[in-house]
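In this document, chain identifiers A, B, C and D correspond to the written order of the chains, with residue numbering beginning at 1 in each.
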Amino acid sequence: MHEQGSLSEPELDVCTRITQDSLDGLGAFENLGTHEDGAVLIFQGRVRNTNDGRSVSSLSYEAYGEMAERELGAICGEASRRFEVGSIEANHRIGDLELGEVSVAIGISAPHRDTCYAASRWIIEEIKKRLPIWKHEHYQDGDSHWVGSPEVSKT
Amino acid sequence: MHEQGSLSEPELDVCTRITQDSLDGLGAFENLGTHEDGAVLIFQGRVRNTNDGRSVSSLSYEAYGEMAERELGAICGEASRRFEVGSIEANHRIGDLELGEVSVAIGISAPHRDTCYAASRWIIEEIKKRLPIWKHEHYQDGDSHWVGSPEVSKT
Amino acid sequence: MTEVISVRTLFFGIYGELSQYKSPGYLELPSESTVEDFLDEMRGAAGCDWLPERVVVAVNQRYAEMETLLNDGDEVALIPPVAGG
Amino acid sequence: MTEVISVRTLFFGIYGELSQYKSPGYLELPSESTVEDFLDEMRGAAGCDWLPERVVVAVNQRYAEMETLLNDGDEVALIPPVAGG
């Protein structure tokens, strides 16, 4: 448990990371929050073996590193002001990922479970909207595609 | 990862437990789901240091053991039919708990995150509605109370 | 057919606390008794007059209705407002 | 005040792939240029005619508007549809 000390204003307990390291373990979330928090919610996004009906073999995530770090911090900072959360720990993986590996992990602690669900959902949706990270999907048939981008041909 | 084998009907991957053992660790959720699952959501309910404005010192949970096991299995079985989930692991603690200890832990894996959030939320609400478990709250001032029950005096 | 059935009674939570001194572990009832008959008997003859007007009951570990018929050997549990989670 | 500013250009995702052979790492623009002027120059003189009509742009790691004014030394990134999570 992180003790919040005796500050009159509660400290902002937000930790974010853009990393090439594995996010598969749950160790980072074992001690999230304080005795003020009656609920913890941990979301993991993982590499699925199918997407849009195609068999995926692996993924690479590319990030605009400095901006992604700034945006992820901004998203979680905003979440901590919008919702009455205790702690937030949000991490996004970049680089090459195998099937089943965790690409994004978001842990929230809060006094009440409603807040956990709302904040967790809000953060993952904001990540999908504005975090400058791109997913290059590799398929079993040898093809690959930048997810969400139109197929543009160089003329 | 639990491999689902080559059955034509997917197996129901549901695991539930009513236990006196600590649920504080996240180990039970490290390998939830399969490569079909793009999302995992883990909810933990924990003993808060306040409830209804009173300072809580500790809790005891009493269960109608056999019925609680049956009901928790029924809730999760129903969830797996209502929602397109991969795996469900749901555990409820009984006995004496200290502040910060986990009382209930629910892990869901599913192909899509929407399903995880919906199923997780549904299961915790059903648990609160129908799982035959009672919470005896002990307060800092020495008083205690069965949560949700009216103060009845023996006449 | 027996004229009398015997059911096992279980009390939990606040009911367990209130019942601990004088509540029966078994109750005899006429055959064909329902959950409602059981509750009337508990409130009256069995001395559990502290039971509230509406009580949730489980028979053999399943939630039951007031009309549910009881059988000899059934386990009948009085379920106060649950508070898991 | 300088007559000309130089901005650093960054391409990511599909844009990175499309730009890898002939896209500039720096672009010179008249001072007082906006993001919109930058995009016009990229699509024309800089040869990035594959850029779609609407492009999201970040200036110094923050999302920018078409009217955002550019300064000498700015880092201007072309942001294709993001796909994190």
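Heads up, the rule we're going with is that a residue touches a chain if its C-beta (ideal position, glycine included) is under 8 Å from a C-beta of that chain, and two chains touch if they have at least 3 such contacts.
Given the structure is predicted, the values throughout are model-derived calculations rather than measurements.
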Touching chain A and also chain D, the following chains: none
Inter-chain centre distance, chain B versus chain C - centres from mean C-alpha coordinates, in Å: 27
CA centroid of chain A to CA centroid of chain B, Å: 24
Centre-of-Cα separation between chain D and chain C, whole angstrom: 76
Distance between chain centroids, defined by C-alpha means - chain B, chain D (Å): 51
Per-residue multi-chain contacts in chain D, two or more chains: none
Set of chain A residues in contact with two or more other chains: 45, 124
Pairs of chains, among all present, that meet the touch criterion: A-B, A-D, B-C
Parts of chain A lying in touch with chain D, wherever the complex brings them together: 45, 61-64, 66-68, 70, 92, 103-104, 124, 127-136, 146-150, 152-155
Complex contacts: residues of chain C adjacent to chain B: 10, 12-14, 16-18, 49-50, 52, 58, 61-63, 77, 79-85
Touching residues (chain side chain B, partner chain A) in the complex: 1, 24-27, 29-30, 33-50, 99-100, 111, 113, 116-117, 120-121, 124
